[in-house]
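Chain lettering (A, B, C and D) follows the sequence in which the chains are written, and residue indices restart at 1 in each chain.
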Amino acid sequence: MVKIIQEESALTPQSPRQLLLDNYSRVRHFTEQLCAPLVVEDYVIQSMPDVSPTRWHLAHTSWFFETFLLEPNVPDYISPHPQYAYLFNSYYNSVGERHCRPKRGLISRPTVQEIYAYRQYVDECISNFLTACSQEHLDKITPIVTLGIHHEQQHQELIITDIKHVLSCNPLHPTYLERTIGPSQPPPPLEWISYPEELAWIGYDKDGFAYDNEGPRHREFVDAYQLGSRLITNAEYLQFIKDGGYQNPLLWLSSGWSTVQAEQWRAPLYWEQHDGHWMIMTLSGLCEVEPAEPVCHVSYYEADAYARWANARLATEAEWELATRQLPVEGNFVENQTFHPIPLTTQASSTQPAQMYGDVWEWTQSAYLPYRGYKPAAGALGEYNGKFMCNQFVLRGGSCATSITHIRPTYRNFFPPDARWQFTGVRLAREV
Amino acid sequence: MVKIIQEESALTPQSPRQLLLDNYSRVRHFTEQLCAPLVVEDYVIQSMPDVSPTRWHLAHTSWFFETFLLEPNVPDYISPHPQYAYLFNSYYNSVGERHCRPKRGLISRPTVQEIYAYRQYVDECISNFLTACSQEHLDKITPIVTLGIHHEQQHQELIITDIKHVLSCNPLHPTYLERTIGPSQPPPPLEWISYPEELAWIGYDKDGFAYDNEGPRHREFVDAYQLGSRLITNAEYLQFIKDGGYQNPLLWLSSGWSTVQAEQWRAPLYWEQHDGHWMIMTLSGLCEVEPAEPVCHVSYYEADAYARWANARLATEAEWELATRQLPVEGNFVENQTFHPIPLTTQASSTQPAQMYGDVWEWTQSAYLPYRGYKPAAGALGEYNGKFMCNQFVLRGGSCATSITHIRPTYRNFFPPDARWQFTGVRLAREV
Amino acid sequence: MVKIIQEESALTPQSPRQLLLDNYSRVRHFTEQLCAPLVVEDYVIQSMPDVSPTRWHLAHTSWFFETFLLEPNVPDYISPHPQYAYLFNSYYNSVGERHCRPKRGLISRPTVQEIYAYRQYVDECISNFLTACSQEHLDKITPIVTLGIHHEQQHQELIITDIKHVLSCNPLHPTYLERTIGPSQPPPPLEWISYPEELAWIGYDKDGFAYDNEGPRHREFVDAYQLGSRLITNAEYLQFIKDGGYQNPLLWLSSGWSTVQAEQWRAPLYWEQHDGHWMIMTLSGLCEVEPAEPVCHVSYYEADAYARWANARLATEAEWELATRQLPVEGNFVENQTFHPIPLTTQASSTQPAQMYGDVWEWTQSAYLPYRGYKPAAGALGEYNGKFMCNQFVLRGGSCATSITHIRPTYRNFFPPDARWQFTGVRLAREV
Amino acid sequence: MVKIIQEESALTPQSPRQLLLDNYSRVRHFTEQLCAPLVVEDYVIQSMPDVSPTRWHLAHTSWFFETFLLEPNVPDYISPHPQYAYLFNSYYNSVGERHCRPKRGLISRPTVQEIYAYRQYVDECISNFLTACSQEHLDKITPIVTLGIHHEQQHQELIITDIKHVLSCNPLHPTYLERTIGPSQPPPPLEWISYPEELAWIGYDKDGFAYDNEGPRHREFVDAYQLGSRLITNAEYLQFIKDGGYQNPLLWLSSGWSTVQAEQWRAPLYWEQHDGHWMIMTLSGLCEVEPAEPVCHVSYYEADAYARWANARLATEAEWELATRQLPVEGNFVENQTFHPIPLTTQASSTQPAQMYGDVWEWTQSAYLPYRGYKPAAGALGEYNGKFMCNQFVLRGGSCATSITHIRPTYRNFFPPDARWQFTGVRLAREV
C-alpha cells in the first residue's frame, strides 16, 4: 500500500512570498501523492464523458498555470510543448481551439512519464518566477496563483471521483487503496435544529479567497426553518428503497422519474445487489453497505425524492450558509485518506448540526444561478463559473474527496440533477 | 378565411352557477373556433415530441373534465369510451397507465369527428351536471371546473403553437389564417424604468383563481433595479445577429453554446434566409421580418445571450411581478386573432413599461422552483405543476396565443432553456 | 364494410393501345379501391421511417407518371403542382432535390382530397395522351407505361403493409376490413421434393415485362437439393418459440442475435401474448394465432434461425426459381382480399411444392446482388433497383398483398435482414 | 527504433511435434515483437467499438489457447486467473458470459505486465503439454493448436490496424515505427488480363490448413472475365476525387451514399487535406500521399463507386480465386515491416496479375455467405465464422499487415461495406 501524507506547513512565521510558494508546492505535490496508488494503465481511461483520465487532469492543471501565469508574466517563457494547449485546454474558448471533451480517453501520448516531466518543468518555472519577481509583480499575480491552487484542488477531487468511476467499470473490482474498517455504532437520532427568519447577508465577505460566483454579497430574506441535525444514513436510505421509493413516480420530479426509468436506477451509484443484500463499490474495494455511514453517490433527483418521502425538503443554499457561517471547518476531508464518508461518532448537539463539512456534498434545492449583480472575472478566467449557471443545482460543504483548505461557508459547488459520480448526499430541511 | 370570434359574456347580472356554466361553454367553444381553419389532416401530426396533435388536445381536455369532474361526481356516469383514458392521459401517474407521449402522432383513430362527438358528450354531461347539482355540491366542485377551464385555455395556446410547428415542417408553407399586415412605424426608443429596493410580498394573494405554483405568498428582498420600457424588437435582435452573436461563445451559457453548435442555430426559430434577407414563417404564411415587431421564438439561451451582448440581463420573476402588479391586464392576446406579436404603437411611458402582457412570453432569469412552503394540491391534480420544478425557467406575461382571461401578475409559465416553439421573447433588466 | 372489387378486363379482343389503356386504368383504379376502407386521418401517418403515409403513396405514383411519362412526352404538359415534385420524389437523385424520407409523416397538405384530384388530373392526361399519340410514339413509351403500372402495383403492396403497421401502433386495434374466418384443418405434413444438379439458365428470358434486376439471363451451376413441400406454419413456428428459439444465441446469425436482444423480439411482428396465449394483429383485427396458417412477418434473421433449428436451410434464389419455372402463377394474392396468409387446403403433391406463389414472400439465403453483366437502365429509371444491391436478401413468390398480375418466376424482391413489416415467411430447403 | 525480426524456422528436418512447437513459439513471439514499439498507455485504448485495445488482443489470444486447448486436455490445469474468461472471451456464446465489446477500453487491470505474465504462463503450459503428451493425443489436438496459431495471426493483423486507428485519434500524430521512404516510380499502366468461362471447383481442397468457411469445395460456373493487372493507385483514386466522385450520388450504392453524407467522407480514411494538398496518416507518421502506392483504407462502398466511375466492377471471389490459384504466395506482407502498401516496381505481366497477395485486401463484389453444404465446426469453434455470414463482403489476398504464412488462395476475409480501418484497396474486373 502506498502511503499518502500531506505535509503540514511549518509553524514558524513566513513571508507572504514564501507562504505562497509553500502553498503552491504543497498542493501541487499532493496531486501527485493522490496518484501514487495508480498504475500507468489507470491514467488513460475516460469511462464516461463526465470523467477525465488522470493523465489529463495532471496535464490540464499544469497547462492552467502555464497559460494564465507563465505566458502572460514571464517574458522569455517558452512552452516545452506548445501543442499541449490544444489537448489540455478544458473549456476556455478565449484561449483557443481545444480537443473534444468526450475524446480525452482516446489519447495515449504524451505518456504519463512525459506529463510528469511537464508538470515538473512548469513547477520549476513557477518556483523560479515566484522567487525572483518584484514585490509589485508578485502582488499583481498572487490572485492568479491562488486561483490556480484552488483550481488544482478541484482537480484533486475530480482525480479521486473519476478514478473511482474508472475502477468501477472493471468487473474485477480493483481497489485504489486498502483500508481497514472497524464495526460502527448507529448514529444519534435525527433531530431538527431551528433557525429564525432573517433578512440576511449572503455570499463572500471579501475575507480570504473565493470564486467569483460566491459574490457579490447581497441580502436575502430567509423565513424561519429547520435543518436535520446530521446527514441521512445508508440505513435510512434503505428504508426508502424498501418502501418502494424507486417504484413510486409520485415521489419524483418528472425528469427524475424519466431518468429512473431510462437508467433503471434502483439504488445509489456503486450499490450492487448480491444474493439479496446490498454491497457497495468503494475505493477500498467491494464492501457490505454500512448502515451508519452517510448515504453517498445519490443524484439531486434521489435526494429530492428521499426528502419528499420523508415529509421534508432539501435546504436552500442560503439556509445552509446561514446555519454554517459560525461553524468551524472540520470534518472528514481528503486529508483523512478514507476516500469514503464515515459514520458520525460524536453526539449530535441540539443547537449545532453535525457533518456540515466533509463526508458528502449536500444537495440544496437552489438552482445554480448568479447572485444579484454578479459579473464574471475579466478575460478567460471569466469562463470559470458563470457560463455554467443553467440546469445545475448547488451543493455545499465539501466531501471526503475535498481538501480542508479548499472549502468555506460561501463555497458553491454545482452539478446537474442526474450527476451521481461525485460524493454527494442528503441533509433534510423543513418549514417550522 | 374563417372568422374566429369569442363572444363576450353578457352584461346583465348572473348567478355564480350561470356564470360558471357560461364560462365553461364559452371557453370550450373557443377551443373549437381555434380549430376551425384546420383540415382533418392537420389534426393528426406530431412534428416533434414536444408537440401534440390537435386531435389529442381536443380529446385530452375532454378527458380531463371526464376524469376529474364527471367520474368522481356524477354517480351514474359511464364514459362512452373508457379506452380513451389510456390514449388521452397526459402525465397523471396517479390515474393509471398512459400512451407514450412521443407516439401521439402515430394514432389515427378515434377520428377527428369522433373526438368532436366525445367533446360534445362531455360538454352535455357537464352542462347537465352543473345545472342540476345542489348548491353545496356546486361549491365543492367549482374550483375543479375552474381549474379545468384554465387547463383548457393552456391547451388552446398549445393548439396554436403546436399547429404552427406542424405547418412549419411543410416546405409548401401552408397558412393557418390569412392576415393583412400594414406598414409599421419604428417603436419608441428603449428607456429604463427604475424600481427601488423592497422587502416585497410575492405570489398569489388569494384573490381570484391561481395555480398552486403561484403560492404561497411570501417575502423576498429585491434590490433596486431597472426594466426596459418595452420588448426587444426584430431590428434590435438583427443587430445581435449581424454582430456575430451566434458565432461568439463568450456571449453564451455553456449548454447554450453546445445547443447553438448542435442545432446550428443562426437566428430565432421560423426565420429563414432567402437570397440574403430574412423571412419569417408565421401562421399567416412566410413574410419579411418586420423590424418593429417584438422578436419571438427565441430560447432562454438566446434571450440570455442577447442580454449579455446588450450589457444587460433578464429580469427575475420577482422583479417582473413587482413592476406589473399595478398594471392593467391588456395587450395583444389570442382574442386579437393576430396569432403573432405586433409592433408597439403607443408612446412608451417613462414610468410604466409597455407590452408587459401579451405579444410574447418574457423569459426571466429565475429557475422554476417551488416558492417557500409550496405544497402541491392533494391527489392527481397535485401532479399539475410541482413535478416540473427542475431545469426550466420561468416566463411571465402571456403571449399573442394566450387568452386575456387566463393571465395575471403572479402567473408562472415555464419551459426548458432550449425551447423555442412557444411565442417567447426578450425584455431586458439591469442593476441601477 | 367497404367492398373492394377489381374488374376483370373484357373478353373481347382489343388493340394493344386499348389493352395498355385498360391496364393502366384498372391498376390505377385498384389503388384507390385499396384505400376505400380508410379514414382521412389514416392517410397521414408515418409510423416508422420505412413506412410511408398512404397519401404519399397516392401522390408519389402519380408523380412517377408525370415525371417519367408526361413531362418528357407531352410537349405542352404543365404540372398543376410543380412543387409536388419536391414532396413526392422518393429517391431519384437524377431528377432533383427531394423531401427527407423520415419526414413524410410531418406533412398535412396537400390534403387527401387534393391528392385524389392530382391523381385524376394525371390519369386524364395519360389517358388523353395514350389515346391520341402516334403509334410510333406509343411503341416508344409503352415500356415506361408498363414500368409505371408495375411501380404502381408495388406501391399497392406497400399501401397494405404500411397501413397495417400504422394501425398496429394504435392500442385500440382498429381494423382495416372485417373478415370472417372459419375453422381450419391442419395442413398436410411437410415433405421434401428433390431436384437434380443442373447447369441452369437463370433470370429473365425476355418474355413479358421484367425489372432490370431480373437479368441478364445467365448460367449458374446448381447442386442437387430438396425443397419443403409447403410453407412453415404458425404451429411449427410456435414449436421453435417453445423450444427457446429466441433465447438461444447458437441458432442465430451474430447480427440477428444482436437485433433479438436490442429489439427484445420474442415472436414474429404483430404477435402479442395475452394471458399466456398468442394473439396476432391482422388487418381484420386482433385474432388468435391460427396454427394452420403460414407464419408471417418474420425477418430474415428469424427465417434463418428457424431453418437452423429445423436442421435445414433457406433456399437460394436460383433453387427457388428452378423449382417454380414450370408452375402456374396461382395462390392467395391481393385480389383475394384476405390481406392475410391462409392455410393450405389442397393435398400437397409429392412432386410439386405448394404455396410457391402468394401468401408470404419467401426469404432466400441469397444476398441481393447484381447478376453477372447487369447494367442498370439508362437515366433516372436506372436508380430503380441497382443502387440497393447491398445488405439486403432476396425474397421470392409474392404475398397476399401482391397482385397476381405483378409476380413471375424471375421476380426478385429484396429487404434488409431485419425487416418484418412485409408479409414474409419461411420455406425450407436442404442438401440431398 | 525497435527492430522487429521474425526468425525463420531452421532448415534441418524436424519432427511434426517439434515443428508444431516451433511454429507455436514463433507466432506467439512475433505477436509480442509487434507490440515492442508501444508504450504502456497505447495498450489500453479502444478508439471505436470495432477496435480492441492491444492489451485485450494479447490476453484474448492466450485465453483462446487456455480455453480450447489447456482446459479440455490438461487434466490438472488450473487457470491462474479464472476471472479473465469473462474479460477476454470475444464472442463465444457457448463458453459463457462475457464483457461487453464496446467497453473493452474501460478496463485498466490486469495491467500490461500482468497480461504478459499470463501469456508466458499459457505458453509454458502449452509447451510442456505439447512436449509431453502422447502421440495419439498430439494428433487429436494438432488441428486446434493450428487453429489457435492462425487465430493468433489474425489478431496480429488487428493489433496493427487497431493501433493505427488509436494513434490516428491523437492530434499530435505519434508514430508507431520510423520508416525511410525513397522516391518512387509510376507503376506500369493498368492492363486487362482475360480468363475464359469455366465450370470451376472453388474452395478448400483439403491441402493444408483452412478455416471452415473456405469449404466445402464445390462447383461454380464462372463466365469469361477480365482482371486489372495491378491494384488501383493513389494517383488513380485522386482522379476519382477530383472528378467529384464523392459528390455524385449516381456513382454510389444507396446505403453507401447515405454513409458518405452522414460521415462526410471526402477521401479514404487517414487522408487529411492540408493547405489544399492531401496528406496521409501512416504508422510512420503523417506523409504526403504517394501517387504510386496502392490506394488503401477505402470501404466497399468506395471501392464499388470507384469501379463504377471507371466503367468496371469489382471481381467476384470465385473470379479472384481462379486467377490466383496458380500464383506463388508472395508480396508485401507484415514480415516486410513496412506496415503500409508499397508501389509496384516490377513490370506487370500480360498474363499474370501483379499484387494479388499482400499490400491491401481486395474487396470483392461477393457477399459473405456460406458455400453450398457449409456446416460450421462442432462446439464453440463453430462460432468462429458462420455466424457472421450477413451484411459483409468478402476480401481476398491479405495485406501489408498479414503474415505470409497466414494467407492462401481460398482465404475468405470479410468486413461490412462501410469498414475502412483495415488495409483495404481496389482491384478492378470487367466483362469480356
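To be clear about the criterion, contacts are C-beta pairs under 8 Å (C-beta built on N, C-alpha and C of every residue); 3 or more make two chains touch, one makes a residue touch a chain.
Every value quoted in this text rests on a predicted model; they were computed, and no experiment measured them.
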Target chain D, source chain B, minimum contact steps: 2
Relative to chain B, chain with the most remote C-alpha centre: D
Chain centre separation (chain A, chain C; CA means) in Å: 60
Inter-centroid spacing, chain B versus chain A (mean Cα positions, whole Å): 39
For chain A paired with chain D, centre-to-centre distance based on mean C-alpha positions, whole Å: 47
Interfacial residue positions of chain B with respect to chain C in the complex: 39-45, 47, 55, 83, 86-87, 99, 103, 105-112, 166-167, 169-172, 174
Contact footprint of chain D on chain C as seen in their complex: 91, 93-94, 199, 218-221, 223, 249-250, 252-257, 300-301, 365-367, 369-370, 372-373, 383, 387-391, 417, 431
